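Shared chain: subunit A. Partners: subunit B in the first complex, subunit C in the second.
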Partner chain A sequence: MAPDPGQRERRRERLDRGLKVRTEGIYALSSWKEISYLLAPRLILILGLILLPLFMPNLYWQRVICITGIFGLLALAFDFLANYVGLISLGSALFIGIGGYIAGILNSTLGLPIVVTIPVATFGGAFLSTVLLSPCFPLRGIYFAIVTLMYPLAASRIIEALDIFGGTEGMPGLDTMPNIWSALYSIIPVLLFSLFALRRLVTEDIGLVFRGIKDNDQAVRASGISIARYKACGTFIAAAIGCFAGAYLVHLYGWAGISLFALDFSIMPIAASVIGGMGTLVGPVLGAFILIPLTELLREFGSLRIVLYSLLLVGFIVFKPEGLMTYAQRKYHQFEHWVEV
Partner chain B sequence: MGVLIYGIINSIVFALIAIGFALVYGISRQPNFAHGALYILAGFLTWTFLVKLGINYAASIILSLIIIAGVGAAIYRFLLIRIKGMEASEIIASFAIGLAIMEGLRFFGFRGKTYILPAFVEGTVTVANVPVDFQRLIIAGIGVVLISALWLFTHYTKLGLALRAIAQDERAALMLGIDSDFTSLIAMALGSALAGLAAIALLPLGNITVETGYDILINAIAVCIIGGLGSWGGAVLASFILGFAQILTVYFLGAQWQMVVALLAIIIILITRPSGLLARQKELEERV
Partner chain C sequence: MAEGVLLQVKDVCKSFGGLRAVDSVSLDLHKGEIVGIIGPNGSGKTTLVNLITGFLRKDTGRVFYKGRDITNLPPHKVADLGLVRTFQVMRPYYSLPAYKNLIVPLYAPRVKRTKGGRLGDRDAVAIDILEDVGFERDAYVPYKPASALPTGYLKRLELCRCLALRPELIICDEIFSGLSPSEIASMVPIIERLQMEGITLMMVEHRLRELFRVANRVVAMNFGEKVAEGTPHEVMENEKVKDAYLGWEAT
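What follows is the complex of A and B.
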């Protein structure tokens, strides 16, 4: 649009708050104001997540929190892979499926208890996922996205066609968590730990290499660093998070089956990341905590809820691609005012 | 002999399914992951016009093709145009649009097994001792005509050349006076109409169900990936490879392996030769 000559052009100017600048260095410890500026958002998140189950009215909503935690972990893994390693994986369901099936098989055939199956599924599943995905590491962008979208679809069809691991029936009657509180307080600490561990990881040296691979892989290669090794490393971390979520899901329901590879597990984390804010790590978790309870509320509308969240996803990705968390961080760290140009 | 004839027909079915996707993605480089949804939508629109409103078959086909082209154009004009060039966003957004369309159709009652389009011409004919129904022959005819028509369109008309120009070098095309937004809009509308046409030709072979949309999308992606983007010869070759591979697996292994073929083909081709069997464009860019 051509500027109207009579009207002054205005532009929004953003400046960092003084408080933010002060808290970047050692002066963060100078007074309670600075300390609380840094600690308040973190404490609100940690305490909020820990106390959240206590405010849930009934068992149903407590289970919803468990499911939300699973999607939170998946969204976190997706965000880490997509925005810090540069591998856009549209197949988070693969991690859920592999983790879930390993835990299910160990539990049903060998009769191992939950405390063994979940760690074995987490790390064994992460290893298996990394091996399966390793031929795709030379690919990037859209090609990696398509290939990962196909993996869980192919896996479920192969299990169906071979009729292994219980085929279409799945494996019922697996061990479940002793009670809802142990289920709740096993996923929330893991979620918080993964979140803060990843936040720390991406600022370390290895995080710098990861981002280098995302932004300019040839430059990383020219520095004598093996891209495939670091991609495998990033995938292993994301897959471990996803496989834990899968193994946990299996023991939450006491059932493992083909629906572990369902498209929901691939789409929902992406929707949560887009809504929460890509590349912030904490945003996708919050996105999951908005989106999953919302879809539970809309459960009686049947497939209309899928329509609603697809439209929400399209709306955010087209009109507000920065997401909620980036917006909130900007408001928290900066003040803005209009200046005439 | 049955394998040969049904293999050829199945290959042409693949080509028909993929041709709209190939036009939009392969030629003007926009991944339209709503392809399967548009296909299903066209089927249900035609059914609605034909059975619910009692319009005659030819008129309802034309009407639904126009509407589908309009829907495709609208998706591009109002949504995808804003995220053009950001491939991940394009995939996610168009896939979500497709999901919304398909689940919306399911919500508004289009489920179950009652939705059947009648064949254009009833009856069967025996070709070399193999009974083939007329619908399949018509599909083969439509497929061959359509592929040749589109090849001529993209190689010899101004608009068709503009579509390819945008895919190859958008800036150079802009300098030569090609309106890239308008051309992409046309590509989207045409691609959607082709998805609709494929639906109308193929759906009389079975029921219209929402779930078919996902398989259609996978098959279309498979053909384009295997053949290589932007290559008509590759797309046709890939259709034949997939068509025969599928018929042979059904023949020797059983029907449950049918979709595994397409999925594994995508994975294997992307890993070993990501630019496809015949494509020359973008050979270096997509691999590290």
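What follows is the complex of A and C.
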């Protein structure tokens, strides 16, 4: 396949100079070999996730995949917010809780069907989360992190103390997904869509503004851009993903309660990001697909479970601190270099 | 207000605890001129820049830009009006290539207003701006990650971030410092060209020789106060300025 002269020139200079343009998403698609080189990992991921439920032996494991999808979304939202907007949020449970409660209230009091409650909870919840977090936008780093950690804790205490939205009992008897297949194949496409949309977003111009805020917020202010506005924008995107996960969770179980604000929802996405590779977006999703099924497998070990779990996490941090995906990406690109030269 | 006054600083004060960092400083900037701000370390020059551009809140005093009161505007609103600044400590986006650093200012509302910044155009505009200040495109310098660039380029990248906003007034905070003589030699013509293009400059500097080559007027500060103002020659002859720079040894 003959590439046009302009393209060939461009590709040669980038490769010769060893510039990492490849990672920035500009590709020279001049041969089938090159196209398949780029396509293969993406296809494996997409097909792998779509076909995964078919290989699950029973309903129990199919439900595990659903839960894994929820944590995958949360990990994705965490990674985006932490490594592309610079807001380290320890409050992913807030998104789950807000999305879940909105869906629960709409379903139990107004009797709205799932197709209405989930979208409303996604976007309404994202808006509410952004408004709630907006006082924290002037904060940076660890200060933002610690304040966001308090939000879900405060929310569950408020619901408990005021006995609103069902109090400690929660809201039982909500609509559930008609069957396990509809549950599975509603979360997996959303997960894939969110993943590829975010990957695209961070290389777009608005994504560069987000990354600018992460790298150096003062320089962004000096460039005539309101950082509060873009932090809100980034939070809205991450919160929408998290709130969808929350609303979905509520309709998976048919129940909403204060355990939606549980610390697990805040901590697991971080662990998944550490394992998968911070800042890769796809890494945290894969991390969730390793961690969550693993916790289920480890159930058989009873009380030893948490020990094994901790050992695994420590092992990852010690031996592969950059995360699986960063490691795999490097190996894959190195391989490519060898082929090209 | 007098005709041609672009920036007017009126009795601006700032204290940090008991320290009067900037003590009732007033100055005017006329359109098209280059004004140098000099003074020993700790004399309040950078604080003054931070006060003017809104990065610090003023205790008292007012700042007018093109006759408009910008005293209490946040930094991004000040930059939006065309009053932009560089940072003494360079603040590039280290994870991005040099030209992608300019996408952020090119995305600003100010640029969108003045020129319909279409998607995709911005890369080309960014590379043009960088080429103008000596990022050799043939050597792929604009494509290099900011973390791989030497100080000289980063200083120019700081300036480019301002230029991308199509500014009317640039406040340069020690743009010559940390540069080698040859890098300064290449920076001076850039500054002179900006003036010819009608951009007003306020330059906070320690490198007096180079500053006096380009500055029309110089303001000297010491202990947060303005001690002298005039042509470079007048200011250097001023006794207070001499005291500020040489005082302790001379007595």
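In this text, the second predicted complex is superposed on the first by the 284 of 341 C-alpha atoms of A that agree within 3 Å, B and C clash if a C-alpha of one lies under 4 Å from a C-alpha of the other, contacts with A are read in each partner's own complex, and residues count from 1 in each chain.
The rule we apply is simple: a residue touches a chain if its C-beta (ideal position, glycine included) is under 8 Å from a C-beta of that chain, and two chains touch if they have at least 3 such contacts.
Here the structure is a predicted model, which means the values were calculated and not measured.
Participant: For A:Ile46, select first, second, both or neither according to whether it touches subunit B, subunit C, the two together, or no partner.
Facilitator: In the superposition, A:Ile46 contacts neither subunit B nor subunit C.
Participant: Where does A:Ala328 make contact in the superposed view: on subunit B (first), on subunit C (second), on both, or on neither?
Facilitator: The answer is neither, since A:Ala328 touches no partner chain.
Participant: Quick check for you: in the superposed arrangement, does A:Arg221 touch first (subunit B), second (subunit C), both or neither?
Facilitator: So A:Arg221 meets both subunit B and subunit C here.
Participant: Of the two partners subunit B and subunit C, indicate the one touching more residues belonging to subunit A.
Facilitator: So, of the two partners, B touches more residues of subunit A.
Participant: Please work out whether A:Val274 is in contact with subunit B alone, subunit C alone, both, or neither, and reply first, second, both or neither.
Facilitator: A:Val274: touches subunit B, not subunit C.
Participant: Which partner does A:Leu208 contact after superposing on A: first (subunit B), second (subunit C), both, neither?
Facilitator: A:Leu208 contacts subunit C only, not subunit B.
Participant: Following superposition on chain A, which residues of subunit A contact subunit B and also contact subunit C?
Facilitator: On subunit A, the residues that contact subunit B in one structure and subunit C in the other are 218, 221, 227.
Participant: Of all residues in subunit C, which touch subunit A in the complex?
Facilitator: Within the complex, subunit C touches subunit A at residues 53, 55, 74-77, 79-80, 84-85, 87, 91-97, 100-101, 103-110, 119, 122, 140, 143-145, 161, 164-165.
Participant: Note which residues of subunit A are touching subunit C in the complex, please.
Facilitator: On the subunit A side, the touching residues are 13, 17, 19-21, 24, 204-206, 208-209, 211-212, 214-216, 218-227.
Participant: Spell out the part of subunit A that touches subunit B in their complex, as residue ranges.
Facilitator: Spelled out, the residues of subunit A in touch with subunit B are 82, 88, 90, 135-143, 145-147, 150-151, 153-154, 157-158, 160-161, 217-218, 221, 227, 263, 267, 270-271, 274, 301-304, 306-307, 310-311, 313-314, 317-319, 321.
Participant: Within their complex, state which residues of subunit B touch subunit A.
Facilitator: 31, 79, 82-83, 87-89, 91-93, 95-97, 99-100, 103-104, 106-107, 214, 218, 221, 225, 253-254, 256-257, 259-260, 263-264, 266-267, 270-271, 274, 286-288
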